[in-house]
Each structure stands twice: as structure tokens, then as C-alpha cells.
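Only one structure is covered here, and it is reproduced in the block below.
When the chains are written out, they are named A, B, C and D in that same order, and each has its own residue count from 1.
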């Protein structure tokens, strides 16, 4: 993911040969516009604060994504481009050592100036120059340019999700419990079918991105992997199921937990997922639309890897490996509840309850049991964009499938998200797996 | 002082019999208005952040001072007063346990809502009600009311100074080094006369407030204290003199420092006062008007007690006790550079270089060598306002005399300010003392 | 006190003119021998560990006191003295910067070598050389030598007390709850008379050491101080009285506590004095003779300044200032329960219940309300021994009167002990004071 | 590994069907005796201290391994066994929640009692009872007993290595730099051949333990894994090669480091492997025989995973996966420099410089690039011994091959050791791997 505390930044695949499906200017304008619409319900005050070291102010996201286009596209490819403000390198570089020094990550919330309004001007300035460039360039350089713009847009999409998860956390720190948005959304349908299993036979598979269309470099190279027979739960674990775990003493039984997980649970005093609250005897959950009663049929969300792992152990099974997940997802249509759409609730929805695998994409990211490591043959690109290709491949766990805060066009079956095991502020949930003996 | 991390809140003298010199409504309007004028150069973004646990957001100061009038005057004395928002107790109570729970001090910077605009409405709402009350009340209750309003106004003045010191710190954290205000101020006059001594004979004195006019309860009771002969430096230590200390290795010689001071210096890596910077080989100091070249004739400022003490030891003398300082200040006119006035620079100015004691009031607070303890016979009042009368009388050092950020009418010879020994973000400077043998 | 974390070391009075009452060699042998007898119940394993940063291993105390004689007496005054081991400077210097670098205080517990046995040889080696020196020297140098030896012996006595308080803490960390000594001691007499007050009129007093006999330099200069009328409780606060404070919710009422005290109580989870335990429903206290039932008539002990202060506020009175304590103690015989003697229980005993002031000396140190500051005219001596005369005069509180672990000849009415306000592992108790109106 | 801070404990394979090669009583006596011989150069003082939270006192190792036999064998299988001391459960349980509460890991260094001598008696008491049991038992139960004894002995061997690495660390904290042993060992042969590569073709392999002979449960189940073609360096990276990395600025170039690695390097101030020192301009290394000059031909040791990874990146290659390592090691004889033997130097030795793979076993553990995860189909056993089978499978990295401090009979090609990535006090070194394209 693009922004964690000392965390990963997406990077370009070296030697991309993909062709963007849509003309870049339109898509560019659309993606950039979506970012601004996400910030639009917020005041300048909302946009300046940083509620924990792992998160960033919304204003910073707005500026950093713009800086990315300025630094890697306009400065390099736009003739006679004049930098908007030289000092922005120091403020809005995330972690590119090759670009230079930068403000301490934990100080991002102290940057009241430039103001939100000025960052708006910065965005418009850069957007106009990028559009001019896209409209004027052609020929051989065009391919590299398209490739970089596509990278910048995917980077922007990652920050769109972070804008939502970061402001959700920030607003949760305010005792007034303000909502991000106040639109009335249809109530969840109560009731969910019992989970069923879908089986997969043992096989020597190939996984990883095959080079068609955009992908981040950590999704490749495509490579062979032998996988024993396994089964996946047809849907995500629900809040009702998770409640049974809680009521069975799940948070109080060290036998169910990894050693580091038990330590985290004890240190942080966890006794439920993040954003669960007891309000006058009723279990509520904070959503981006404010507090609401727990819906037992909805997927459990905002759990750490440790909680997902403990839940699976309690249930007598395990989490899927990322290979298993990818095998199951390969070839399926990318459909589900995402960031966009009139029906978007920015909150995971119950499974439709049809047959076969459901909720693979959208709703919640799914913790796998796989530590984040390089695929065989992985090699970092050179230069600033490739500077840190492998930099985060230690002490992180892979998540798959996207969430209700992920832009629809951003996710695919090979996509590898990753966060440290104790992360809870992302929309992270649980799908179970088991061996087939 | 009203707001430190877990720090002091001014409290009413029990049984005040003072009579305010001016009609309260006018004075009330004037003091409240000054607070708003101090916030006026700042944006909503500037006002929401908190740059360290010891400081508070400007918005919080604006709200807390208003809450003080609402809680201790309107709720108690205004018939049929309707509270502006019940939830504000939780947000804007500083440390009154009798009033109830409150937000963690270090979380004050996360309160984006209520917005700055809404706090503006809150201020106007409360101000109107207080003015109505003052205009309508009379008789016996009037005296208590005047007394409480006077307390509220003195409380407000303390927060006026904190607004300036807190925003100075916050802006200093922004690598763009923005200025609080951009008015051009006349350059400092370079050159300062050598310091001379003023002698005082041994004597059995009485110190402490005698009950005429407003005072905080920690300024009394008036009591006798025997003081040996002593001398005070006629002016504050200058930046030039302090520079000599630095260049003589003052920050590198443990013999000059208190044990806890050496620890603080080492832990924080101090090598100069706060806000001193090296900019391309030139020593600069950040002021509320932006960075400027060090003026050797101006008083050194933003030093901790430890630095003041080490400087005095290096100079072969010592800091004054608070009794010595008060003896010297008693009967003198309160004149100097304060917060208000067209010539106000919000920065200490060089001594005029006349004869006798100078700079006793204004310019910089003066660290004494006296820990903050109760005066003999001190007794806390009952109720919320008196709840914490002695609560901070441990591990703090007394400062005297006010600073360039103190409102003129707020200071007097008996005034006892206090902060922990390592505090540097206040306008704190040094006056030397010595024994007369 | 000689050894706290970054704490005070006793230093010589500059220009001592005192004459030791006893011939030094005998007294030297006696005091040094007492130290060894204190270590004799302990194994080498017991002597090597350090149970918290504030304490030191017994072996370190044995070596450091020896190093003190070697460094400040033998190296300086014994012709052709050959240092026992040059590396000991690094290991056994406490905090004398003038002597050179030293091992980090918190690492003292890792020094398994030199062994306890080798430190025994070190002690004998140094003792023999000091005795030789004392027997052979005479004339003018003899006076300075006597003075230094007296200082070294007083230093040794301070460490005798620390040996007991440090091993008490170390053994308390062992879940087996071993006793330091197993001698059967007579049970405490149950029952204590109600406390009465002893009054003192207002007066201009002189306090501080007058130069006759040995004293540490912080006990002078003698100086005048005006003290209002006051009264002192005739005896120490008992465990029974303190229990009433506990049962009245004393640990749960923030109004009773200093702000820093409430923070300490919350952070450390204090709900009783140190070494109090609940054992199967019974309140017990760990002593150097093992756990025993709480004796309600015995003085409460092992409380911090914060607890002493909160207790006094709960009782409606206050702690004495150090001047008040000294005025009351001046001219009285130094008698009470100390370290030595066949009846020594290394635990405070109930007040005898006679008339007038009792327990002023011995039993428990008495927290005063006075921060530790230099007396007027105090000036540090030059050189290593005087290097830190004032180094600890910040953020510490004065205690008076000695304890059941203080050597009898070590204490006097002018003696100023000092520790940070949250210290609990010393034998520290409470005497109440009040104003006379 | 058996003892890290909150770390792994070996556990029994469920349903062991192995048959021990040697009669247990002899082997039992031999292994237990080796442990005691490892402690024999140490004093009781040496054995009581704990120099960091990750390590344990030698006395604790001696007692804990004994407690293991007492708890899992004698209590369960010896008729009428009388427990040596019931309180030992609290002191010497490492992390078995099923057994009950235990002393905080970081407090193990405060247990002066029971004394080392008493722990000696405890060992003899338990050893006698185990020998009696082994000599008297037969029949069906005998097989389970043999299996448990074998587990206990393997557990004991893990602690043998920890005794050496823990005391090495403890002694390194003593500024006197004492040696663990003083035997003169032959100097290292200077000079090492350039490293060569050994290639392996792509293949679908089976790895993991096949159930013949003893193994820990994490070594199985045996399972298929597809591995692309790869090459391994024929020998370990030498100190001379690592020195070139240092001199090329390896510790100062963030591009070479994982993000977490750079953080660890910065936080701890790493600029060389642990135990490297500059002594008067000469690079020295602390060994268990005291300090010695760096031998450029010897393997680099005491590096963290982060340093191993950075070194490999600097060298343009990578670390092997654990599957690659195991494939290369399978079928090879277990020979090398181990704990035992007259030529043992308790320090890694240069490669012999023959042909083919060298130093696979012994000398130094080899960091792999593989996070420690369960093998497919892994399932924890039930009961206390299996309580934590998977408990440590998060945030740890696999090491392979054993070291110069590993008992010879303890290691095998399937053995999986694991430690957190920043661990340096184990004998951990580097073997390089590369892709075959």
C-alpha cells in the first residue's frame, strides 16, 4: 500500500509494454476528480490533522499525489515545465531517498501552510500541465508517458482509499463522533446464509501478473507454485460469527493466538475489532456515516492479522495463502462493492447469498497467511521509482481482493496489498481456508 | 500559569474584597476582544493543530476561556441561562476534576469540529450573556460577580500569552518558517551598556499580596521573610553575553550544570536557546515576525531554568530567589514592553540603558532560583475553582515579572508564574543575583 | 544521599576545622567492619544483582566506598601508594566527572567480575594502607587527613543504609520472598497513643550547621530564617492511621493529591505503601526479616513524598518545612532506633508513648514540604570532592531525622537527606505539622 | 529456538514413531553432563545475571531444562515421584500457559535464590529419578517415554547453545572484557579462496522431515514445493568480504536496506556486526576466548537478517530461501565445526577451501530469505507440549545449518531455527544465493 508508517510506495514495472485501454486525458481527469470529490465533504480543519503516525492528513494526500505527477512526469517529460513551489519536495515527498530530504512522517499534521486552498491551486496547476502534455505528445515517448501516467493514477487510487481510512480514524478520535457523510443509506439486510466451502484440487499452478495491462512490479514475475488441495469459505466471516468468537472468550484465551498477537492484544487492550463500541449496552460500530448498530450478517472488518488468525484457529481452520487466494480468484470477474457507485456505502455489505465464491473483490481486504516476500526472480527497477521495490518485503502480511473503499478499476486478482500484522484501520476482514485431506 | 501539561489553573482568592477599578462590561469587552484580535492573523488550519503536548491549539484557547465564563459565571449566576452545547464540558474543561471527565490533553489537536467559526459563535453567545448579566445585576451578589469576572479576565489574559507562545512553537515546526505577523517593525538598536549591580541590605521583609486589588491566591498570604543582603543585575542577560557562554563551551561542561539539567541538555541535544538556528553560517532567531539575525544587545530568551542556572554559575553568580525579586520590584511602576501597544514587537527589546533596575516587568519572564511552594499559611479554597490551589506546587520553578507577550494589566510585583525547569517555549530569560558579603 | 539515579554524593565542607572525637584508626576499622557485617548474610549471587536503576548491587557499594578512600585519600596522601587495579576507576566511580568516565549506572548489575571475593581483597588492601597511613602521619597534614577520613566514613555510612534499602528491594523482587536475616525479633507491641501536638512560637531563628564537628557542606552556612508559629505532631503517623486514609479512599481521590503525585499514583498503580501486600486476605508487609502482619501501631514507612503530602491534606494539616523540623530537633539528644544495636530490628518501631516529641531521630526519615535548595551563601568547594556540591539541588525533597537503617553516629539535627518526590524504597515516613493561628 | 523473548519452545511431534538410536540412559547422562560442563568455567555470580531481555541467566537455563524433564516426564510417568520444589514451576516455566503463571521474563536475572548450588542439587535429583525410570521401564509405555526423553534432550541441546550465546553477551557488557575460557587455541589460518557457485536445476521437490528419527514438529509435514533453478555460494561470506561492504559505505546507503532494516540500523547505531570493536585503531572481535584481531578469512558472524540482506543486495545477489538451502543440504553428511570436540573453538572457522559446498553445517547459522511459516498441512499437537506449535510463526526469519555452538548431534538438513530479523547475538552468518536464468 502506498502510505504506511515507513511503508510501501507503488513503483513502476520496469519495461512496461502495456497499452492503456482509455485515452489518458479523460481517465486522468476522472481519477483526479474523484480524489477531490472524496475531500469535498471535509473542512480545511478536517484536512490538516493527523490522528496517528500511520495515517496522513487529507491535505497531505491531495498534495503528495500531485507532487508525484509533478516529480516523475512533468519535471522529466514536460518541456519548460516550471515547478509550482520548490519547497514542496521537502513537504510532500513520502519516502524517496533519491529525491532528497523530507519532513518527518509524524510531523505531517503540523503543516497548516500551504493552506488547503493553495493545495487546490497546486492540483489545478499540475492537472492543466499534465493534460496539455497528454494532448500534445505522441510517438515513441508517448508510450513511456502513458505508462507513467497510468502508474500515477494507480498511485492516486491507493491514496483515495487511504483518504477514507485515514479520515475515518481521525473522526473517530473526536468525542463528538462526527460522520464523514450524512447521506441516508438503505439499511443492511439482516440474515446471512451459513458459509459453505469451495474445493480446489492439488496442482502446479502459475501465479503472478503476466504483463498484460497495468500492474505493480511486486505482482510479478509470473512463476510456478505447487499447491496442495484446499478449500475456501464461499463468503467472508460475518460480524455475527465474530461475535460468537468474542462471546466464547476468544480475546481471553492465549492458546488461540500467535505469541506476537497475544502481546499486541494485551498491550492495546483489544477486546473487539476497531470501531466497535458499547453504547448504553448496545454494540455499535462507527462507520463513515456515523455510528450504527452492529449488523450480524455484515462482514467483520477492521481486524488485525492477529485477530483474523486467532478467529481461524478458534474455528478449527486457517487463513488462505496468497497463492490459494489468487488461484481461486483467477479468471473471475471483478465485481463487488467498491468506492464508487450510487449505492456505495463505504462500508462492507452482507454476502448476497448465491452459490459459489462471493465477496472475493471489494467489501473487505482479506488477510492471507502469507508474509509479504519477493516472488522468485523479482528484481527492483533502477532509479527513484524503483528505488524501493523490495524495501517493504519484511514483517508485513499480504492482503487480497480490495475493499469497499478501493476504486473499482484499481483491483485485480494478482494485486498484492500488504500491512504489518497489527494493522486495524484499513477495511480488513477474514475469509477462511482449510486443507483437503 | 493556566495551561501546562497537567499544569496550573488560576483560582479565585477565597473571600475577595477587592473592587474593580473599571466598570466590568467595558473591561470585559476589551479583554475578550484582545483575545480575538490575537487569533485574527491565523487561519482555521493554523488554529486547530497542537505541536506538542505542553501546548494547545489556538481554537482550544478561544473555547476554553469561553467555557470558563460559561461554567463559573453563567451557569451559576445567570438566571435561566441555556448552555450553548453540553458536550463542550468534555472538550474544553482543562483539568477541573470536580466538573467531570475531559478529553486527553494530548488529543486537543484532533478536534476539527466544532469548527473555528462555531467557536466564534460560542464566544459571541457567551459574551452577550455575560454583558447582559453585568448590566442587569446589582446589590450584594454584584460583588461576587465582579470578583468572578475579574478572575475570568485574568484567566483569559494568561491564555492570551499562551496563544502567542503556542502558535510560535507550532509555526516553528513548519519547515516553511511562516511568520505569525508580517508587520514591519523597527530594527533593534544595537549596543547595550555593561550590566551594573543594585544592592539591597539584609532585612526582615514582608512579601506576598496584601489583598488590595485582584490577585491569584498563590500570591498570598502576605508573610515575613528574612533576607540577607543581596544584589541584582540592573538589566537582563543579553544575547551577546549568552553567546559568550556558548562560545566558552557552556553547553559542554557538566560542571556548570545541575545534574537534571545536564540530563535534559543531553537528552534533547541542546546547544543554544530554543528558536536559535544556524542559517548559512549566520545565527538567526525565529520570532513571531519570522526569522531575524541575532541581536546581541537584546535579552536572551526561551531558555530553560537549567540553562539560566548554568549561565549564572558560569558567570560566577546565581539566580535571584523569588523573595529577592519581589523586594526589588515592590513599589516600582509596572512599565516595560508588553503584549499591547502600537510599538509591540512580541519580542523582547534591549534595555534602555538608563540607571537603576530596568526590565523588571515585561520583555522576558525571569527565572528565579525558587521552587514553587505554598506561602506560609496558604490554604486552598473549597469548590471547583479552588480545587487545585496547591496542586502544582511541586517540581516547578517560579518566574517573575511578565514578558513581551503578557498583557500589561495582568502583571504585578507579587505575581508568581511557574513552569517545570526544562520549559523553553515561554518567553523566559535571565537576571543575575549575587550575595553581598 | 550518596546514591540515587544520577544523584547526590556527599562532599567535604570546604575548609573544615573540625576535630574528630575518636582516634581515627579505631573508628575507621569499626565503620568499615560494620559495612562488611551488613553484607555477611548475603551470598555472592545476592550481592551482584541490581533490581532497579535507582539501586546498586551490594558488591558495588562494597567496592565504591573502598574506591572512595583509595581515590581521595591514598592516591593523594599515601606516599608510594600502588593502586589496587587501575580499571576500578571505570567500574566504581559513581558520578565524579573530574575523575573520568564510568560505567552506565543501569549496568552496575552486570559486573560479575571482579568477584565478591576479589572485592573483599580490595577492601582489606585499602583498609591496611589507610590504617598504616593513619598510624604514621602527624603534624599539619594530619588535620586534613582526619578530615578526609571522616568524610569517607560518613560516606561509608550513607552506603550502609543504601545496602539495606537496596537489598530489601532486590529480595522483594524474588517471588520466594526470602528474608535478609532470619533472627527472631520480639513482636511489636500493639497499641499507640493518640497523637498530640507540640507548639512552637513565631521567631527569627538561625538554622544550619555551625561548623563544630563533621557536617556535609549542604548543611551550611548557618543562616537566619523567620518562621511563623507552628506545631508538630508528637510522633510519626502510624500504619493504623494510614490504613484509615486508604480505607477512606485516599488513593482514589484526586483532590487530595498534588498533580504530579496523582500522575505517579496512576502510572505506577499505587494503592498502598511499597512492600504492603495482600496475602490471603490479610495485609502483610515485607521486612528485612521476611513478611509479617501489619502492625497498626508502627510508623507507616516506604511512602513517597506524594503519599505523605496527600495523607497530610486528608488529615487537614500539612508536612513540616525543613526549618520547622530543625528548630524542633535542635538541642535534643540523638536517640531512637538505628542500624546498630542488639535490639535493632531494621524496621521502624512504634512510638514509646511518653510525653513530648518522639521518634525525631531514627525509625523513619521524615518527608518535609521543602524542596532541596542551597542555603543562602552556599558555595561549592573546588576540585572533584566539591565538584557537585549543588548539582542535585533541583527536583528533590528534603527528608530529616534518619531511619532504622541509619548508623547511629551518622545523623544530627542539621542533616539534610534528599530524594525525588516519588521515591519509596527508602525508609521514609510522615510527621504532621500545622499552623498556629 | 527454545528461548527468545516471547519466543519458541520446541515441541513434540504428535504421534512419534521414531526409535532412539542409543540406549537412553547413556545418552541422557552424556547430554545432561555436557550442559554442566558448559557452566563449569563460570562462577555463581556469572550464572545469575541477565544482560538483556532476550537472554537468560545460565542458572535459569540449568534449572529450566531440568524443570522440563521433571514436568513432562517425571510428573507424568514416574510413579510416586515427589516434586523437588513446588515453587519452581513459577520460576522456571518458560512460556507454557497450560502449566500456569510464571515470573516475568525480564526478571529472571533477579533470582539469586535458589542458589546455583541448590540448582545443582535439583539437577542431580531429577537426573537420578530419570535414570531410574529409564532403567526400570519397559513395554508399551517405554516408547512414549523414549520419545519424550529424546525431546527433552533436544530441548536441552538448544539451551546448550543459548548458554553460550547468552554468556557471551553478558560478558561483553563487562568493561573488563573477561573471557569465557582461557584455553589457548590455534590461530586461524589466514586466507580464503574466492567463493564459487554451485548450481541446482528447477524441479518439483519434496522437503521437510519424513518421520525417520527425531525431529521437531515444525520440520514437517513433508510436502512438495516447486523451485526454479538457483545457485548457492560454495562457502560462507567472510569477514574480509564483509569489511569491503563496510568500507564501501554499506551501513550508510539506505538503498541497500530493507525499510525496517534501515530503521533498526539507525535506532541502534549499527556500523558493524555485533562484537566488532575498534581498539586503538585495530579492528577486533570479542570471542568466547576474549578479544582477538579480525581474521579476514573467517566467516562473518553476529549479523542480523537486515545486515545479511543488505550485504546480499550490495553483492548483487540475494539470500537463499529455506527450500533452496534444504535441497542443497539434503543427503549430505552433517560435518563441520560444532560445540563439541577437542578442536572446538566456539568461534566459526574459515572454509577449508576444497571443492563443492562447504560449511553447510556448523560454523554459523545461515539467514535465509524465508519468513517462518507453517508448512502445508501443519497442525499443532494438543496439550501443553503442543500448546504453542504455531505460536511463533509470525515476524520471524528462518535460519539453517547450525553453528559452532550447536551440539553436533542436534542439527540436520530439515532443522528450522528462527529469530526476529534484528537478532544479532546468535552465531548468525551469511550464505549467498542467485537465480539461474
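We adopt the following convention: a contact is a pair of C-beta atoms (placed from the backbone, for glycine too) under 8 Å apart; a residue touches a chain by one contact, two chains touch by 3 or more.
Quick caveat: nothing in here was measured; it's all calculated off a predicted structure.
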item: Chains in simultaneous contact with chain A and chain B; value: none
item: Count of contact steps on the shortest path from chain A to chain C; value: 2
item: Centre-to-centre distance between chain D and chain A (centres being mean Cα positions), rounded to whole Å; value: 38
item: Centre-to-centre distance between chain D and chain B (centres being mean Cα positions), rounded to whole Å; value: 60
item: Distance from the mean Cα position of chain D to that of chain C, given in whole angstrom; value: 47
item: Chain pairs in mutual contact under the definition given at the outset; value: A-B, A-D, B-C, C-D
item: Chain C residues touching chain D - in the complex, by the definition given at the top; value: 43-49, 51, 87, 90-91, 103, 107, 109-116, 170, 173-176, 178
item: In the complex with chain D, residue positions of chain A that touch it; value: 6-7, 95, 97-98, 204, 223-226, 228, 254-255, 257-261, 263, 305-306, 309, 369-371, 373-374, 376-377, 387-388, 390-395, 421, 435
